[in-house]
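These are the structures, in C-alpha cells.
Shared between the two complexes below is chain A, which has chain B as its partner in the first and chain C in the second.
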Partner chain A sequence: MFNYTFQWRQAFQKLPLLLDGALVTLQIALLSMAMGIALAVLLAVARNSKSRWATGPATVWVEVARNTPALFQIYMAHFGLGSFGIHLSPYVALLAGITFNNAGYLAETFRGALRAIPGTQMRAARSLGMPPVQAFRLVVMPQMFRIAFLPTTNQMVWAILMTSLGVTVGMNTDLAGITQDINVRSFRTFEIFALAAVIYYLIAKAVTLGARLMASRLFRY
Partner chain B sequence: MIEIMDVHKSFGPLEVLKGINLTVEKGEVVSVIGGSGSGKSTLLTCINGLEPINSGRILVDGVEVHAKSTDLNKLRRKIGIVFQQFNAFPHLTVLENVTLAPRKVLRMSKAEAEEIAVTQLTHVGLADKLAVYPGRLSGGQQQRMSIARALAMSPAYMLFDEVTSALDPQLVGEVLDTLKLLADDGMTMICVTHEMTFARDVSDRVAFFHKGILAEIAPPDQFFTAPQHPEAQAFLSNVR
Partner chain C sequence: MFDTAMTLNDLLFLMKGAGMTLAVTFFAVIGGTALGLLFGVIRAQLNPWAVLPLTFVLDVFRSVPLLIQLVLANAFQSIAGLQLPPFATSCIVLALYTSAYCTEIVRGAIDAVPSVTRRAARSLGLTWGQDMRFVVFPMALRVALPSWIGLTLGVMKDSALVLWLGLIELLRSGQILVTRLQEPMFILLVVGAIYFLMSFPIARLGGQLEKRWREND
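Right, the complex of A and B next:
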C-alpha cells in the first residue's frame, strides 16, 4: 500500500524556479496590501460617516468581501468581468481580487481602531487650526495604525496564502502556479508541494518578523 | 475683543445656553464659574466654533465665528483652547506635539517651530522633557504641555476649560501657576474653573453661570464678598 519512493533531489533541482515564483507571490501580496490598506482607510472613514451615500457602498463592499469566498472574488475579477468584455490578465485579476478582499477585512479592523481613539483627539487637532483631512492624517491615522497593527499583520499573511488561489484563473508565474506546473510535468507531487509549502511558511514568518521589527521602530510610545 | 451676543445653544431638546451676553476686552482675564451643566464649557467650544450655535452671534475681533463665510481654521489660529482631558497626541513626543501645528498649519520651518516650542516648553517648565512621549508624563505635565502647544500658535486669546479638574490635587498648583504667568503677561483669557482662589486672585471679572444663564458678572472682590444673585450666594456658600 505504501511503496512511494521519495525523490527529493528532483524537487530541490527546481528550487530556483520556485524561488522566482516566491518573489512574484511576495510582490502580489505586498501590492495588494498597500492598495488594500489605502482603500480600507477610505472605507473605514466612509462607514463612520453620516452620509448614506458614503456608508451604503462601503457597507456593500465590506459585506461582500468578508462573507463570500476569496476564490469567488478572484473568479469574478477574471471570468466575471470577462463576461462584460473587461479582460484582466491572471496577474491583474488575482491582484484585484486579493486587494478587494484585503480592503474589506481591513476596513472593519480600521473602523474598530478609529472607535478606540477618543473624539477629543480630533477636536484638539481642529482647535489648533487643522482642516479635517489634515487632522485625520496627522493625529488620528497614526494612532489608528498602531491599534490595528497586529490584525493588519494577520491580513498580510492571509494575503500571501490567498495568492495561491491564482492557479484557478491561470496564474502560472507565482509560487503556486510554478509548483503546479512542475507537478504536472514531473509527478513528484508530494515532494514539490511540500517544498513549496515550506517556502510559503518561510515567507509568512519573515513577513511577520519584519512587521514586528517595523512596529518596534514606528511605535515607540 | 470677544463679543458674545444673545447666544442660544441646544443639544437636542436640552437648551444649555439661554441667551448669553458677554464681552471680553483685550488683555482681560474672565473666570467663568458655576455648577456642572450650567453651560460654561459649552460656551468655550462655541467661541472657537467647535460647536455650532442655534441663534445669536459671537464675534472675535469683529469676525463672526458662526458665519458661513468665516474660515474657521484660520480663525482658530488665534484662539487657543486647553481642555480638561489634556488631549496630548500620544504618538508624538512633547516637542513634536508642540511643533505640529506651527509646522503644518502655519507652515513654519522645523527649526523655527522648534525654537518657539522650546521657548514655550521652557516657560511651562518642561524643557527637560522634549523627547519624552506624553504617556510618560504626569497629568500636570501633560496639561502644561497642552498649554505650551496652544501658545506655540501665538494666539491672541486663550480659552481654558476646567484645566485642573482632572488633576491630582498636588498637581493643580503647577498648572495654575502657569496660568498666572500667562495672565501677568497680558494674555486675554477666559477660564472655566472650579478653583475659587484662582478666580479671585487672577481674574479681572468673575462670571457666574446658572442653568444656561449668565446670572452675575462682577470684579472678584465684589463677587466673592457680596454676591447679588441668590444662586451665586448659594453656590459660594457650598464651595467654601
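Right, the complex of A and C next:
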C-alpha cells in the first residue's frame, strides 16, 4: 500500500495555469447566470400566464431542464445540434447547456417567489397608472429577487460546479479542462486534481460569502 | 430524422445502460441515506463546535464538482493499491456525496420539530432514544421526505458523471450508439426521454406529497 511518491511541486508549478482556468470557469458561470436569470424571469411569467401558448413551452423547458442530467443537456448542445449542421464549440455548448439548466431551475424559484407576493401589489401599481410591464419591473420584480436571493446564490454555486462538465465535450480552457490537460501530460492525476478541488472549493466559498455580504447590504430594511 | 437505423437491440442496449444508472443510484442512495441519518442526528444534537470537522468535510463534498471527486477517488484508490473496480469507486463517491446533502435534510427536519414537543416527551419519562423514535422521527419524516425524493432524483441525474470512470451507464451507452449510427439528435432524444421517464413521475409524486402534507399542517 502507498507505493507512490507524491509530487506536489509539479502540481504547484502549474498553479498560474490553473488560476487562469479558474477565471474562465468564473466567467462561464457568471454569463450563464446572467442569461439564466433573464430567461427564468420570462419563463416564470410565462408559466403564470393564462395563455396556453405561453405556459406550454415554458413548462416543457422547466420540466426537461429539471428532469434530465446537466451533462445530457450539454451533450445535446454539443453533439445533438450536430444533426442539424449546427456545430457549437465546447465553450458555447457548455455555456448553452448550463444556461438552459439554470433557467429551468431558477424559473421554479422565481415562480415560487412570485406566488409569495400579494396580488394587491400589482393591482395597486396598476391603479396608480403604471402600465403592466412597468408595474412588474418596478414593483413586483424587486420583491421577487429579494425573496429568491438565497436560492439564486445556491444556483450560482451549482453553475460553478457544472462548468467542470465541459471537459467531457473537449473544453480545455476552464479549470477542469486545464486540469485534465495537465493530467494527460504529466500523469500526476491525484496531485493536480487535488489542487483543482481546493480552487473549486475556494471559489464556491468566496461566492457564498460574497452573496451573504451583498444580502446584508442590500436587504437592510 | 424519423428514418433511423436504430434497432430494437440498440434500444435494449440503452435499457442496460439505464439499469447501470439505476444500480449506481440505488447503492449511492442507500449508503448516502444511512450515513446522512447518522451525521444529521449528530449535527442536530451535538454542539456545533464539537462537530466542526464533520461539518467542514461534508461542506467540501458539496463545494467540489462531482467529476473532480470521482477522478480524485479513482486516483487515490489506485495509489493506495485498493484495486477497487470503477463501479465500487463510483458508488462510494456518490454515496458520500449523497450523504453530505442528506445530512442537511435530516438536520433541518430534526430542527423543525419544536423543542417544547421534545421537552414534553422527555418530561413524560421517555428516554432520548424513545423521544427520537416515537416523537422526532414521525414529525421529521414529513419535513424530510419531499426533499429526500428530490435528492434521490438529483443523484440519479448526477450519476451520469460516472461515465468518466468508464462505466457504461445510460448516457455513455447513448454516446456509444451515436458513434456507431451517427444520429446524435435522435439517439440523445431517446436517452433524454428515458431519463425523463425515470425522473418526472417521481418528481411529481414528491411535489404532491409536499403539497398534501403542507395542507394538513
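As a convention for this text, the second predicted complex is superposed on the first by the 221 of 221 C-alpha atoms of A that agree within 3 Å, B and C clash if a C-alpha of one lies under 4 Å from a C-alpha of the other, contacts with A are read in each partner's own complex, and residues count from 1 in each chain.
The rule is short, and it goes like this: a residue touches a chain if its C-beta (ideal position, glycine included) is under 8 Å from a C-beta of that chain, and two chains touch if they have at least 3 such contacts.
Nothing here was measured: the structure is a model prediction, and the numbers come from that model.
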Task: For A:131, select first, second, both or neither according to whether it touches chain B, chain C, the two together, or no partner.
output: first
Message: Output check: A:68 vs chain B and chain C. Expected answer is one of first, second, both, neither. What do you get?
response: second
Message: Let me test your reading of the model: by the given contact rule, A:139 touches which partner, first (chain B), second (chain C), both or neither?
response: first
Partner with the higher number of touched chain A residues, chain C or chain B: C
Message: Output check: A:157 vs chain B and chain C. Expected answer is one of first, second, both, neither. What do you get?
response: second
Query: Of the two partner chains, chain B (first) and chain C (second), which one does A:33 touch, if any: first, second, both, or neither?
result: neither
- prompt: Do chain B and chain C land on any of the same chain A residues, and which?
  reply: none
- prompt: Hey, which residues of chain C end up touching chain A in the complex?
  reply: 1, 60, 63-69, 71-72, 75-76, 79-81, 153, 157-158, 160-161, 163-164, 171, 175, 178, 183-186, 188-189, 191-192, 195-196, 199-200, 203
- prompt: Which part of chain A faces chain C closely enough to touch in the complex?
  reply: 1-4, 63-64, 66-72, 75-76, 79-84, 157, 161-165, 167-168, 176, 179, 189-190, 193-194, 196-197, 200-201, 204-205
Query: What residues of chain A sit close enough to touch chain B in their complex?
result: 118, 120-121, 123-131, 134, 138-139, 142-143, 146, 219-221
Statement: So, in the complex, the side of chain B touching chain A is made of residues 45, 48, 50, 73-74, 76-77, 79-81, 83, 85, 87, 89-92, 100-101, 104-105, 133-135, 146, 149-150, 153
